[in-house]
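So, here come the structures, one by one.
What follows is a pair of complexes built around chain A, which joins chain B in one and chain C in the other.
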Partner chain A sequence: MPLLSRLFQALMVALIVGIATFAMMRALPGDAAWRIAAGRYGYDNVNAAAADAVREELGLNGSALPALARWMGDLARLDFGVSLVSGSPVMEEIIHQLGASLQLAIAAVLLSIFIGPPIGILAGLRPGGITDRALLTVSTAFKATPQFLMALVLIVILAVELGWLPAAGYGEARHFLLPALALALGLAAVSARVARDATEQVARSSYWHFAEWKGLSRSQVLWRHGLRNVSVPLLTYLGLQFVTLVEGVVVVESIVGWPGIGHALVHAVFSRDVPMVQGTALVLGLGFVLVNTIIDLALRRIDPRGAA
Partner chain B sequence: MILKSRFAAPGYVGAVLLAAVVGFALIAPSIVPGDPLSQSLVKSLAGPDAAGPFGYDHLGRSLYHRLAHALRLSPLIAVAAVLTAGAAGLALGAVAAARGGWIDRVLALVADSLLALPGLLMILIVLAIVPGTALGFWAGLSLVLWVEFFRLTRATARSVLASPAVQATRLLGFGPGYVFRHHLWPEIAPVMLTVGAFGMATAIMAIAALGFVNVGMRAPIPELGLMMVELLPYWREAPMALLTPVLAIFTLLLSLILIVGNRS
Partner chain C sequence: MNLKFAASLSVLLSLSTPVWAAGDGSLDVVAAFEVVSADPTTSGTIFTNMGIVETLVNADSEGRLYPGLATEWKVSDDKLEWSFSIRPDVQFHDGTPLTAAAAANALNIAKAKPGLLEKALIADITARDGSLIVTLKEPLAALPAYLAEYRSQILAPAAYGPDGQAVNAIGTGPYRVVTMTPPQSVTAEAFPAYWGEKPQIEKASYTAVGRAETRALMAESGDAEFVYGLDPASYTRLSQSDKVNVLKADVPRSLMLKVNAAHPKLNTVEARQALSLAIDRPGLAMAILRYPAAATQLFPPSVGGWHVTALEPLAYDTAKAAEMLAAQGWKAGPDGILERDGERFSLVLTTYPDRPELPLVAAVLEQQFRQIGIEVKIDSTNSSEIPARHAAGTLELGLVARNFALVPDPIGTVLQDYAPNGDWGAMGWNNTEIVDLAKGLARGDGGDESRAKIAGILQAELPVIAIAWYQQTLAVSNTIKGARIDPWERSFGLSDITWAD
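And now, the complex of A and B:
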């Protein structure tokens, strides 16, 4: 049943993306047919006949509804069309960019898991202690820093002043660290707070006290009884953070020149490359549904009590 | 009691910070008159003087006046978007909870699907459709932000409408308007404030982020993200000039986050 509703959500995402980009197509300034023809055949080869052919093919003249239906039909056959800018199939470009973005996103999530939750668990074990208060201050400050500002600060400090890392670029391992860190610090600020609250709650529970009472050491209690329970809200939050991450990726990629899907999306919207926008939006939306489904399934394994 | 005072204090700090920022935006230009757009290349990256208390940018425009205008622009758009989104989310959420059935299911499905799309993407698409950047930001942000208000109202309204108090009110013959004002609104209002402050922060961040990557506000409009990207090349010559919009957006967002506090 949950899987079925997720599938339905995925269909709705496709529908909304289709309608939104269709509206964008119609709202484009200038004659859309001419622009698309120019994208297809090159700006020098556009003539009225080519534009009319495109107009006929895409139904730009007729009423909106049949045209929209055709768009959705193409989408259903996974025909994303051709990029108006580069001329290559949207599908090819997206697969290439998505790979670059996923590498960055995974690096950021891994980095944030190493930074955030350990500090949060440490703080949650001693609520009100120095670690806890320092975490509260730092995480509040990080939450008030937009991700592009974080990237800017890191570039100025790590790349320009210290010269440890390249400010921009893609391809080598050292290029990963700066953008991944910019994203990870924002993520870690939130996941540390979630881990802290969860740990505090678990440490107050009766099974925690019982485990301590029967003589287990502090680390044994944490490993055997704490982590599994802390990981439930943490994993839920990581799923939600994926949305934040994608938004951060859009901007951070543009700053460091990462050839990812976010960077491509900003450019596609900027140059009104509608098929690219449509394809990218669809992939991002479906990606979100997919990640949420995976998180749901994982949560069910960790904590089977919630399964209905 | 101790816990309560520990969490209430940041809220006051946040309110004071927010008042200071808004106060600066509103009053600053009348204390030192000036124009955020007028250039004087002689003063390029110059330090503060009487006409420009915060110094000048690379085109010799007064940072003091650009900042005051930037701090009016994005909060104004954010307030407008949050009000629109709040009203829409409240109305649709209440209708969904009160009517139930297919209306409820359709609205919930649309909201969930919008949630799946990255917010910045929606804003970018709306920006491309709606003419005018400020109008586009308002429309795009409203479209993104209403979902949170809707989900919250729907969840709260469901339990409130099912309560014995509401049933009694209905039996006494009071209409939906009365139920809304006396039962639903007092229950929802405090949480709406939290979601509203979060929405403001999201909106301000989005406007600045898109300005920073040059797809938001257009130069020469003074906007925080745009100011940062304009001043970035001169950060070594005039670090204070770059820090001005950076500190402004940090203070603005920090005040909102402190007001929201630990409730999440």
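And now, the complex of A and C:
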């Protein structure tokens, strides 16, 4: 039943995103033929002849409604069309570029899980202790640092000064660590705080005290009775984080030269590549629905209060 | 739970184990241009620069033409039929031989797309007896230079899809494509059957990185051996590094103000001269571009024949500028901005951020023009707005960077821009003498004298106002030697580079 409602939600998102991007792209000022020509041929070679050629090739003189109907029809057949700039299928470009962004996002989330919650739990077990106070300072500083600055600082330290990691690039495993770390530190800053508060709360609960009273060691209590409870707010937060993460990915991608979806969307908007914009926005929109669904399902399984 | 944990851990480990070490045997090139597709019209410069594809005609660093895939060329007595002898025993990267028919196929496809060939009034391109025959509707002395342009590159017949778009960059160059991952990278390896001298370095890669600061950091960290195009601040910093050498060279590109000469406020030579006199070029070049390349005339010294040392340099004199505007009936209004018949001297300056220095220069010009009472509103937008507003007649001022070497003979650009007007050149301006001189040069009549006359007319009438000349910058790792900058931006010269061991 909840899956069905999510499916309906996904359909609505597809419909709204489809119509909205179409309307917005049409409403943008400036002649699309010129923008596409600039995207294809570069500023030295965009001229009236190139714009005319583009206009004729793509039939841009047609009216809006038939074009919208055609696009929605193609979409129903899962045909995203062809990029107006590069000429390759939109689906292919999205898979490649969204794939690159997803890899980075997943690496960042995993890395943040290994950094944030363990420190947060440690701090939450001894509120007011050294770890707790240090965490407050460091996490505030990291959260307050914009991701582009974090990326630049990491490049300067890890790539230029120490020479441990490549400054930028894409394609090999070693290229992941630096941008993922730049994103993960900001995420970990918050997830550590969330974990710390949740742990503190759990550690004050009666079932925790009962477990200690019956003679379990501190780590046994944590493993058996603490983690599941701590992970509920963490997981909820993780779902929310995906939105911030997409934002951060876009910024960090541009700094480390990562061929991701943010980069693709910005370029597509700039050169009026309508099929690319529509396809990308649609995939991102559906991505949010999917992530929320997964988090919901995971929460239902994990939450000890859940009766389902 | 344990399974998940193990899976996450293994992902993390796989990410962190290969620690970066320099010297992977590949010559890594980084520049700003994106790999859009394999088609010559979109990313053709990348494939020519990387030595993957070649043209019939080549140009040296002075812009002199020499044989490429054509061993020689000659023109008929009526100057309408050109014959290019195709180099024998040349193989494409797919193993097929280069023939005159294959070359004709590539050029006919190029001619059908927007570009210079389309404008060259070519009647016909065919193959005959091992030669490529180009038949013209009107004489064009610079045709060999047109065939040295990146869009005239010769790809194998199998490179093109049914619609004429190239889907694979199958060329004849010293390097062949191994992988191509738009929009970011191309990897290449030496082509064993190359007809010329084989490159010393076996593997090369190209990566597109849009931000100049990131490119500079990649040079500094040793990620890339050949980093093309540095921002001024990074250039200064890298020149102090002992791991990287920086190079710079004058390129035939000018930073200039395109003026709508038909605009009621700008339709006199005096008004345009006043604008020109208000620009402190040396100050602007040093502050923003950080090199002393203030323009004294439109064509930079690297554009041989067109740069005329005898021309009186463009001057900076705000007092004289104010005087000239006063003589045109302009008087200072209450806020210091000039007025005439109740109208303010206010103009919109259109520019584009594709070259990051342009909006900065626009901001300086806004200040400098205000000093003589002209108000400028900056509109930094898509680059296509310059030719689009030109076509609509709505452009007032446009700040642009113009390349005079689209073909190694600037006559190609001059014909497009000033005979009499062009999307990126003069606007609302008509000078029949320039049209005659340029067409004469195109036919092959007249020489440096005609070129100097054209430069003189442009300097006197100012349909565009030159501001600075560009330099190209390059950072190379000290692990390689033999790197240089090609002023015509046709080749990275990778074949001449060796490891410094």
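Rule of thumb we're sticking to: the second predicted complex is superposed on the first by the 260 of 308 C-alpha atoms of A that agree within 3 Å, B and C clash if a C-alpha of one lies under 4 Å from a C-alpha of the other, contacts with A are read in each partner's own complex, and residues count from 1 in each chain.
The criterion applied here is as follows: a residue touches a chain if its C-beta (ideal position, glycine included) is under 8 Å from a C-beta of that chain, and two chains touch if they have at least 3 such contacts.
All of these numbers come straight from a predicted model, not from anything done at the bench.
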First, second, both or neither for A:G257, with chain B first and chain C second: second
First (chain B), second (chain C), both or neither touched by A:M12: first
First (chain B), second (chain C), both or neither touched by A:A180: second
Superposition-derived comparison: chain B or chain C, residues of chain A touched: C
Contacts of A:K143 with chain B and chain C, given as first, second, both or neither: first
Partner chain(s) touched by A:G163 [first = chain B, second = chain C, both, neither]: second
Chain B versus chain C as contact partner of A:A107, first or second or both or neither: second
Shared contact residues on chain A - chain B and chain C: 152, 156, 254-255, 270
Chain C-touching residues of chain A, taken from the complex the two chains share: 30-31, 34-35, 37-51, 53, 85-88, 93, 96, 107, 110-111, 113-114, 152, 155-156, 159-160, 163-174, 176-177, 180, 254-257, 259, 263-264, 267, 270
Chain A-facing residues of chain B, complex: 10, 109-110, 112-122, 124-125, 127-130, 205, 208-210, 212-215, 225, 228, 232, 235, 246, 249-250, 253-254, 257-258
Interface residues, chain A side, partner chain B - complex: 8-9, 12-13, 15-17, 20-21, 23-24, 27-28, 140-141, 143-149, 152, 156, 243, 246-247, 250-251, 254-255, 265-266, 269-270, 272, 277, 280-281, 284-286, 288-289, 292
List of chain C residues in touch with chain A within their complex: 8, 11-12, 14-20, 22, 33-34, 36-37, 39, 41-42, 113-115, 118-119, 165, 181-185, 207-211, 213-214, 217-218, 220-223, 352, 354-355, 381-388, 390-391, 401-403, 406, 416, 422-424
